[in-house]
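Presented below are the structures under discussion, each in the form of structure tokens.
After this come two complexes, each holding subunit A, first together with subunit B and then together with subunit C.
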Partner chain A sequence: MTFGKATAWAILGLAFLFYATPILWLLLAAFRDEPMLFSSGPFSIGSFEMFGQTWTNLTTYNDFQIGRWALNSAVYTIGGVTLSLVAVLPAGFVLATYNFAFRKAILVLTLIAMITPNTVVALPIFLQMQAFGLNNSYIGMIIATAFFPFGVYLAYIYYATSLPAGLIDSARIDGASRFEVFTKVALPLSKPLIALVAFFSFLANWSNYFLAFVLLTKDELYSLPIGLAVLVSSSGALGNDVASDIPINKPEAIVAAILVILPVLVLFLASQKYVRSGTLSGAEKG
Partner chain B sequence: MAHVKLTDVCKSFGALEVIPGVDLEITQGEFVVFVGPSGSGKSTMLRILAGLEDVTSGAVEIGGQDVTYAAPSERGIAMVFQSYALYPHKSVFENIAFNLRFNKVAKVEVETRVREAARILKLTDLLDRKPSQLSGGQRQRVAIDRAIVRNPDVFLFDEPLSNLDAALRVEMRFEIERLHREIGATMVYVTHDQVEAMTLADRIVAFDDGHIQQIGTPLELYRNPSNLFVAGFIGWPQMNFFPGRVSGVGVIAELGTPVGVNVGDRDLGGSKALTLGIRPEALQLNAPESGDRLSVAGEILSLEQLGHVSYAHVGYGDAPPLVVQLGADAPHGRGDKVRVSLDPRDLHLFDEDGAAIR
Partner chain C sequence: MAKAKTPNSDPKKRRRDDRFFVLAMLSPYLALLMFFGVAPVAHALLLSFMDTIDWVFWGFTNYKFVLEDFRLTEAIMNVFSYVAIWLTMMVVGIAGLALLLDALPRRPAAILRTSFFLPGAITSSAIVILWLFLLDPAVSPYGGLFEALGWENRRQVVGHLGYPLVFALMAYLAYSGGWIVVIGGALKGISGEVIEAARVDGATGVQIATRIKLPMVWRSLALMAILSFANGIQMFVEPQLMALAGSTYSRPDWSVNQLAFQYAFNLGDFGASAAMSSMLLGVAIFISLCVVFGTRFYKMD
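Up next, the complex of A and B:
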């Protein structure tokens, strides 16, 4: 191993330790009870019994309300991902492959929308949803989260760089309409793009806190991040004050955090092949 | 089969005019090759024929029908692309059948027609494969088969052999020529490779800068180029050029030193400055002196031996070297002092504007 290679490995190793340590701590901490969290070392291992008690405390709270929130989150996320895919893929395709009036203006607007922080659009979205009577509803939350300009831009880049113009010409000569060129030629070749858009859309929607916080006020409609935040703050689990009578303390907060990050981890591991190929496609001539 | 007619076809991309007005007629069953350098407008012309580009003005007729504004699929054409443009997610069979499926052709007929097309280009054994499992030559055969199966009036080829290696190119050239003989359809073929143009074409259309420079049979273009562009573009090695001028008594060639040339009864018009051209095979080394022949002394700067023929690059003064075609066994080597001579009747003369003087 050369000195350069060794240095590279050393830097990578340090970076890995830096980012992996909190996750490792979180996973181990889920097996410890409150006293043990304070008394033993940071990476000590508790027991399955301790985890079981924590899990019971969390899931029995308010008749397994946390399950309801997880289900809500799944509905919002799957709905948002599906709707954003339906909107984003054709939009990116048309922007990349056809010339029409205001195309450049639409691209610039997409870019501006992409870099506009979520917090800035939350109020207009809230007012819009209120006007349509969609606040505090599944459909309103799904429509709001499906707004995904970054996905439009991803699709635009993918189709502009990875879809050979000859294929579109060829399909047109074969008699395909524009819509059929999209459905029969472009879409079957879009697996990496779909994986990439779905992944980022999932990530944005699953952990979306602010928009859900603005749009949802009924606790039966809460998503997991909102519900857990409300629960943890109302129980004082993360404070050092006298604990409330709700059996939600630090171990429960830790398991709740794992519940939020676990689907993201699993989805990333399952889709990483596509996500990586999607981010690289078009970088080289095939 | 159909005849094709282009009438005053113009094409601009924004302010950039790429085809300033082209008239062309292609007769039924003819094999016409568009040649020209990159950016000459030949591919744009083909895409206009295919309906993939709109004309800015002018008319396109195929088989007597005005198709100027018709969709590509309504023109009775099929096109083979340089990049093959095969659908990577479909099998060879489905690639060939794609158009038939769009046109709701009955299943049994699709099967029959695809298998017949596959037989013509020997693809029967590959029908279940995906394009990624094929070699370059096989992919291009699938692309051609995809055109055959449609039974089009006009085949359009856009540099179909450019991505293939030299040996495969020769093989595919032969296949395309055989295909034309077998089905007798009208074919329009774009290439920048003049060997393809010379070997395949009934007629060549030479393009430069969006203009048709000359239309004719391959030998017409080779023997009687109508201007400097065609003379330089057709034929390899390129025609040798050197300057000349018209003096009171006739033509003076600047071949090392000024020397008078007998150009016979060619109509020099009002030209003053000329360009003289001569093919490499019309030059001779150390030929016996004779009254009419022009000659210049030089030195062989390099010798390209191709086996069946050799090319000597003979330098004289500061002018670009003359390329001389020699027999394979010519007893010459680099550094030899030689005398290059030519018969003035083999000279091509071009006026100040580059037009041929005949």
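Up next, the complex of A and C:
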């Protein structure tokens, strides 16, 4: 092995340790109780009994409130992803395949919306939602998270580079209407795009913290990331300066954190090839 | 007898139908763009020039007020220190690891790529909670390292590393894996013939990586840097949730975003909050558009 190759493998080995250690520790720690977390090595394996006790503590807290938060997150996420797909795919299609007035302006606005800090829009969105009575509501959260300009960018790039213009022309000559070209030609060819937009939209919605933090004040409507923070904060599970009689300690905080990341972890495993093949398939043009 | 209609039979009608179709297809997105993009930004700009208690126009008073807040300079320095560290880690780490993976045989590359990708699932409040454990020598898998450095508890670890580096590490672990996969996908798209020709011409692995592959994916790296920058300057969750470890770690005004949040939701001063947010937006748009049009990576036509 040459010096260069050995260096490359050493860098990759260190990187592997950096990336794999936290997630491995987290998954193993779920099977340990509080004394064992402190007394045994960081990668020691606990038992299913310890996990069971932790799970019981977590699920009996406030009548399985964390389950309610998980359900809320699922509703917000499924609703947000579905609505964003409905808005993103047709928009990306016409932006990529039609020339019309304000097309460039819409693309620039989309780009600006992608980079606009949350904090700029959070307060006005909060006030707008309040005016419409949509704060602290499922529908309000779903509509707010359905706005996904990055998805329009992805759809625009995909249709501009992966949908041959000749195919659209042929379909039109064969008598297909404009809408049929979209539904019967473009959409069936959009599976990688749909998977990609759904992946990023799911990720953005499931892990959304700031908007949910601003729009939701009722604890029964909290999403899982907000609920996790509230749970850990109210129990003082991670601190040394707050005394609490809530049965939520470090192991419960770990298992609750795993609950937050588990759906995303599964999605990551299932979708890596789409992210690899689709995201920037057109971004190298020019 | 009715004249047969084909898609091209009447140019005027075709253009009219085109316009109607475009509008129909765009309307769901345009409605969302207006309601959650354009209107809130316009609203924020309007609020920033108003006394939001008596609802009267008072020019730049809100801007003057927040610029005189001694916490703002510190918050800006905090955020820029964090963004500088994080962006450097992202560009160097992602480009380096993606290029190294691209040079590996398929199977080990796939295993390593997956291991880099998976921590991206840990986001939002979960990543802060995970790192509060990782930074605690009593339970951390890095406990031995901290012990060797003489750092005995979490306070010492955080104190020595500093908040910008701690947050940069959190964000790097959460976001870099996805981009390594994305850049890896872009590298995969480079023609094998080009690489082979370079190899025949005597180019080494390092030369192929730095002089052929890297220039061909720089637009993707630029996109990553822009999105990361925009994401970085609006940091909120990480400093806000450090308080989960106790009041010692609480930093409610560490970032500009947190300050804006405090003005709006703790002090009820929507005008000051909007002024701070608008300045943040100005910076984000200015720098991002400079990079976008400077590099011409976002070709629209």
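Observations on the structure shown:
The rule is short, and it goes like this: the second predicted complex is superposed on the first by the 267 of 286 C-alpha atoms of A that agree within 3 Å, B and C clash if a C-alpha of one lies under 4 Å from a C-alpha of the other, contacts with A are read in each partner's own complex, and residues count from 1 in each chain.
Quick note on the criterion: a residue touches a chain if its C-beta (ideal position, glycine included) is under 8 Å from a C-beta of that chain, and two chains touch if they have at least 3 such contacts.
These figures come from a predicted structure and were not determined experimentally.
Contacts of A:N205 after superposition: neither subunit B nor subunit C is touched. After overlaying the two complexes on the shared chain, residue contacts for A:S170 are found with subunit B alone; subunit C is out of touch. With both structures placed on the common chain, the touch criterion links A:L189 to subunit B but leaves subunit C unconnected.
Applying the stated contact rule after C-alpha superposition, one finds that A:S162 touches neither subunit B nor subunit C.
Judged by the number of subunit A residues each one touches, C leads among subunit B and subunit C.
Looking at subunit A, you'll find residues 172-173, 175 touch subunit B in one structure and subunit C in the other.
For subunit A in complex with subunit B, the touching residues are 164, 166-167, 169-176, 180, 185, 188-189. Those residues of subunit A that touch subunit C in the complex are listed here as 4, 8, 11-12, 15-16, 18-26, 29, 37-38, 42-43, 86-88, 90-91, 93-95, 98, 100, 104, 106-128, 143-144, 146-147, 149, 152, 172-173, 175, 178-179, 182, 203, 207-210, 214, 225-226, 228-229, 232-233, 236, 238-242, 250, 253-254, 257, 260-261, 264-265, 267-269, 272, 275-281, 283-286.
Across the complex, subunit A is touched by residues 6-7, 17-19, 21-22, 25-26, 28-33, 35-41, 43-44, 47, 93, 96-97, 100-101, 103-104, 112-126, 129-134, 138-143, 173, 177-178, 181-186, 188-189, 204-206, 216-217, 219-220, 223, 226-227, 230, 233-234, 236-237, 241, 243-248, 256-257, 260-261, 264-265, 270, 273-274, 276-278, 280-281, 284-285, 288-289, 292, 296-301 of subunit C.
Those residues of subunit B lying in contact with subunit A across their complex are 47, 50-52, 71-73, 77-79, 81-85, 87-89, 98-99, 102-103.
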